[in-house]
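Here the structure comes first, spelled out in structure tokens, and everything after it is commentary.
A, B, C, D, E and F are the chain letters, set down in written order, and residue numbers restart from 1 in every chain.
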Amino acid sequence: MRNDQRNSDNLRAIKITTEYINHPEGSVLIEVGNTKVICNASIEDRVPPFMRGQGKGWITAEYAMLPRATEQRNIRESSKGKVSGRTMEIQRLIGRALRSVVDLEKIGERTVWVDCDVIQADGGTRTASITGAFVAVVLAFGKLLNKGTISKMPVKDFLGATSVGVLSNGTEILDLNYLEDSEAQVDMNVVMTGTGEFVEIQGTGEESTFTNAQLMRMLKLANDGLQEIFQIQRNTLGDLSDRIGETK
Amino acid sequence: MRNDQRNSDNLRAIKITTEYINHPEGSVLIEVGNTKVICNASIEDRVPPFMRGQGKGWITAEYAMLPRATEQRNIRESSKGKVSGRTMEIQRLIGRALRSVVDLEKIGERTVWVDCDVIQADGGTRTASITGAFVAVVLAFGKLLNKGTISKMPVKDFLGATSVGVLSNGTEILDLNYLEDSEAQVDMNVVMTGTGEFVEIQGTGEESTFTNAQLMRMLKLANDGLQEIFQIQRNTLGDLSDRIGETK
Amino acid sequence: MRNDQRNSDNLRAIKITTEYINHPEGSVLIEVGNTKVICNASIEDRVPPFMRGQGKGWITAEYAMLPRATEQRNIRESSKGKVSGRTMEIQRLIGRALRSVVDLEKIGERTVWVDCDVIQADGGTRTASITGAFVAVVLAFGKLLNKGTISKMPVKDFLGATSVGVLSNGTEILDLNYLEDSEAQVDMNVVMTGTGEFVEIQGTGEESTFTNAQLMRMLKLANDGLQEIFQIQRNTLGDLSDRIGETK
Amino acid sequence: MRNDQRNSDNLRAIKITTEYINHPEGSVLIEVGNTKVICNASIEDRVPPFMRGQGKGWITAEYAMLPRATEQRNIRESSKGKVSGRTMEIQRLIGRALRSVVDLEKIGERTVWVDCDVIQADGGTRTASITGAFVAVVLAFGKLLNKGTISKMPVKDFLGATSVGVLSNGTEILDLNYLEDSEAQVDMNVVMTGTGEFVEIQGTGEESTFTNAQLMRMLKLANDGLQEIFQIQRNTLGDLSDRIGETK
Amino acid sequence: MRNDQRNSDNLRAIKITTEYINHPEGSVLIEVGNTKVICNASIEDRVPPFMRGQGKGWITAEYAMLPRATEQRNIRESSKGKVSGRTMEIQRLIGRALRSVVDLEKIGERTVWVDCDVIQADGGTRTASITGAFVAVVLAFGKLLNKGTISKMPVKDFLGATSVGVLSNGTEILDLNYLEDSEAQVDMNVVMTGTGEFVEIQGTGEESTFTNAQLMRMLKLANDGLQEIFQIQRNTLGDLSDRIGETK
Amino acid sequence: MRNDQRNSDNLRAIKITTEYINHPEGSVLIEVGNTKVICNASIEDRVPPFMRGQGKGWITAEYAMLPRATEQRNIRESSKGKVSGRTMEIQRLIGRALRSVVDLEKIGERTVWVDCDVIQADGGTRTASITGAFVAVVLAFGKLLNKGTISKMPVKDFLGATSVGVLSNGTEILDLNYLEDSEAQVDMNVVMTGTGEFVEIQGTGEESTFTNAQLMRMLKLANDGLQEIFQIQRNTLGDLSDRIGETK
């Protein structure tokens, strides 16, 4: 039994509230246990300079935490005047993951800005961000569909993410909370599509290593957890779910 | 009648949700119409270097907006690598206002960090921040009282803020929303204590001016609106309200 | 009697030297007691990007202090690599104040850059900057009139600023010097036009508050002091004074 | 056949020159095909503040490229005034990887600074950096052993890294050069210990995905390539090789 | 004849006003033709960390220009967030020059901060800064002598600076103004002591070169001009002049 | 005899390796004793904004050190987020020196980017950079000649640099190594053309001064050393040497 009474293969409760903020084209609050992230998707009618004239769109992501999302208050990155390596790594990951399931050729010269702002953190903020941002992006494209700006949903497949890890006692577990993450020897983030293909695997032993057998068991746990996540996304999106994949 | 059906002397609906985030000592979500601000108060057991050894505490505030709190997405200040003049002006105002009603001598060598993060903006974000931050600070001190760290509530009086202004047709109005604020010739923020004393008055004519008579009418509107705000704070704080002023 | 032998309603001696530096279109050294500020107004034949194509001009201000303008040497903001909140607040105030009395429609697509550099500080540097900058701006427009670039003086009214405050003994005083400012419970800056309208009122209680009656007495003191200031500006500007208001 | 005449499971030629620069405790030039990286390991007799008093050491890494290491000249990060997300991601990876095979408890309160400076880039700079930095670190500890500062080699195992990927035609290949990397659909970096355990797996589909079967084939290719790399490291280190693992 | 009616070996008029600003220990305004620089010397009772415990002092200099010191308004370095290469070069030169004539062993663990702020520029701002800063530093030490903090004037010799150059017609000239400096093929700054020794020679051909014979003629011109400068410094300093050299 | 067995008028051994890195148009590794600098010259087919439309080219230089080029590891300037004054001074010097011997009118609207990266430092890094960068620039233009982009070698003369100094015992020496440089009272860098004209002389007494006679002896030492340097450059460049000066 884990510190929050879960079995090793249990996800925490996931709740996705849509239309959380009224300005963005797509806006959700995702709660994964005590982790809470506001994911906003904004559509801008132009692309960054390096992509102009290609008739293609772009997706970029930013990630931040409120100073008191964590047990200890963090100094704001705006006060420090620079963004930390951890933040950059996470926002590059979120952007890359979303681009893998969006048909950028079909959205015209538009940029989707995805903002993931963690208001409360209890482990797994980057994977919650990806899972929530996917829903926000589909909702934003839903608005473009409604207005007739685009005629087909440019999202090719579902996209979700979760973490798996190995505790110091050797147990492999799914969806680590903060305490588990602090104690784990190995931490792996898995980003996967609805059809079961990998988008990103990042497995890390901090002052530790892992065997091929452990890798296989972790991938199995992640895969099973992600099936549940895709179902929650499907329920949240309702009819829009059926349009996913229509440009394939 | 105003664009949101209010009379000139009507506040927007105010809702204060306490214990909004679980890590900070005091945490509220304040909603003033469509303006929504998370106000967190964190207690740190030391003071900044310039105050050490005086046996006295300090209160400091930070203010930020999510990029999509507004109609147009804003670039994050962490990405720009610097905090704007507007942000600095607001966070200096919030800190100053809170310090005016807290008995810093009674809180020991502690710093209260107040974080006001606007998640949705529709005008009046700085005044909503002050009104909400006051509640968060009282709640945080309530925790210290409960733990016995301090024996008396070090807050001397209630503190609230609202805006008043003059529309281009000459009407004075209370609690401007974003559209009204954009159109107004004069904008004034009033910060007041529960006993009716001013803490801060900032009246500004942008490419315009105002007469003494207009000033008097605006101060009257602000005073009346603030009485309602103090009642809402009182209702939110419940029994803790009665301890305000006990160090006087 | 005050620490420099003034009555509570006395201004310090004010001296305005014109054509102080030879490159700027308008240049003055203003001395208010021991406070000395170089105010330069430069005319640039274009406006910032957000204003292009509107046929309208802009006024922007910058403010700085020499490191040894003060009793203790300050670190240069260029060495720190960022401008402080206090500096930003002051330069925003100066720009806003000047824009309120200039008919931006009448100056074409030009920017007036106002630089206020404090070479010696003894309290009231922001109000001295406004009073001096007004003269520098009128002089700069005078040059444009002489060259025939514009045909009417685009300044609608006189503009001056001063401070008032409440000492810890409860006395309201006019034009605080540095020692008074350090000791005062309430500090208020008043920016006013020659016809007696307010442009800006910023009243602040640092760890203190003020009543409505105190506010009224402070406004009266400020108003009386400003009449003297307008007379000094008028004397300094000579014939150019008569052209102020001709576009109204 | 690949663009440089290799089979899909061929590494490029690897050459490691030791004692490349004379100041650092450990210094190597590693050449992997046309990729050339100077890896320097410096020992400092103290640890960062967050680790003081624990009797434990720390390893940290920095990574940079000369402006003309690449086909197009890059702007220096010192001129831009900030380090890019890519650079931060890489230097965090190198540091983490090295820490996984060093017994930090056995090196005392010392910091090992690892500097990887790419002087010529042709793909695989981060994996070449890890492979070369490992040798530099062992050499640096060798110096401490010779001086008697430490009595056992604190390195627990060999450490190497390589990349694998999937070309657009579906072929899995080992050790991608720059052209292959630009064209690949999937790119995976594998960091492994001499005993075959994973330290880090980072597999990424940029605008693409990969199946479980592809993952398995890529891991096999990486594993085989890494055995050759460990042999080259062993040959380079000579007698010092035999001391690796003696603290286990 | 030169553009301002001088002969090739004529200095511009030099005027040094002492006690220009009242806070610094030493303060002068130096005017060299139309170039005007405020030079302030501040004494701080401690040295930078790298010098602590040596019983020795330090002199450091900062240099800046008001935005409108020049014909075209310059952007403030504080707004740009960094100091230009030119500024750094000049402030390093000023500091080095002053240190060469001050007996740092005799001033105790004190730092002399020298601030040179150009309020009007017409060529030769760095050499005017050195000549003026020397006077400010002697005046500051004079204050320490008066207070009995030190017992001997720690300045070993006079120090002055001027520029020489070669015009495009081949003429060597002394003390270039801005127009001459813009046109010159060679520009040389010479810093010299009262006993005729060189402290610094910086001769530069921008897109040009100079012969040994030209060098000799320029050094002669500089030497003659500097004798006049030392006389002006001597007259300005009065009795304090006689104490220069008393620690030798 | 000096600490490395040289006579006072001996250069250290100089070795210039061409085509050191394969991407830049011109690339050399210059070794002057233990000082090693990679000098790369890159040709870009445009000029900076301030030079556009003049039909003329530009040369600009950047200089950096690897963190462990020195005995003590230095913090990277990219990590500090700003370039030091020393670095700026050196890169301005290198750029200026190269521009003095290149006929910028003959290279069209192109920029030559010169990167000097010190991988090992033992004094004289700036003069080694100039001597090596000259060779890299000639090689880069050689590539343009070969491709027929330009028809004549736009380099007007050879360019070399060395240092001279005065030790504390009064001896004048040529080509100071790091230990000598640390101990010297006077340090002078001399940049000269092949025909014996000066491009730059920078003589500095740090807390010391020098006489005219010492200056003359140092210039003689520098001149003799530079003749050897020009011969080494000539040998390195082979046939390209003969084309230097053909646009004169």
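FYI, contacts are C-beta pairs under 8 Å (C-beta built on N, C-alpha and C of every residue); 3 or more make two chains touch, one makes a residue touch a chain.
All figures in this text were calculated on a predicted structure; none of them were measured in a lab.
Common neighbours of subunit B and subunit E, listed by label, are C.
With steps allowed only between chains in touch, the distance from subunit A over to subunit D comes to 1. Relative to subunit E, the most remote chain by averaged C-alpha coordinates is A. To fit its Cα atoms onto subunit E, subunit D must turn through 120 degrees, a value rounded to the nearest 5. Separating the centre of subunit A from that of subunit E, both taken as means of CA atoms, is a distance of 60 Å.
Subunit A and subunit F have Cα centroids lying 52 Å from one another. Averaged C-alpha coordinates put the centre of subunit D at 34 Å from the centre of subunit F. Put simply, the C-alpha centre of subunit B and that of subunit C have 29 angstrom between them.
Residues of subunit F in contact with at least two other chains: 81-83. Following neighbour contacts from subunit E out to subunit F and onward until the ring closes gives E, F, D, A, B, C. Those residues of subunit B lying in contact with subunit C across their complex are 82-86, 88-89, 91-92, 96, 99-100, 104, 188, 193, 196-212, 215, 219. Residues 21-24, 27, 34, 36, 38, 40, 42, 44, 62, 64, 66-71, 73, 76-83, 87, 113, 115, 117, 119-120 of subunit B are the ones touching subunit A in the complex.
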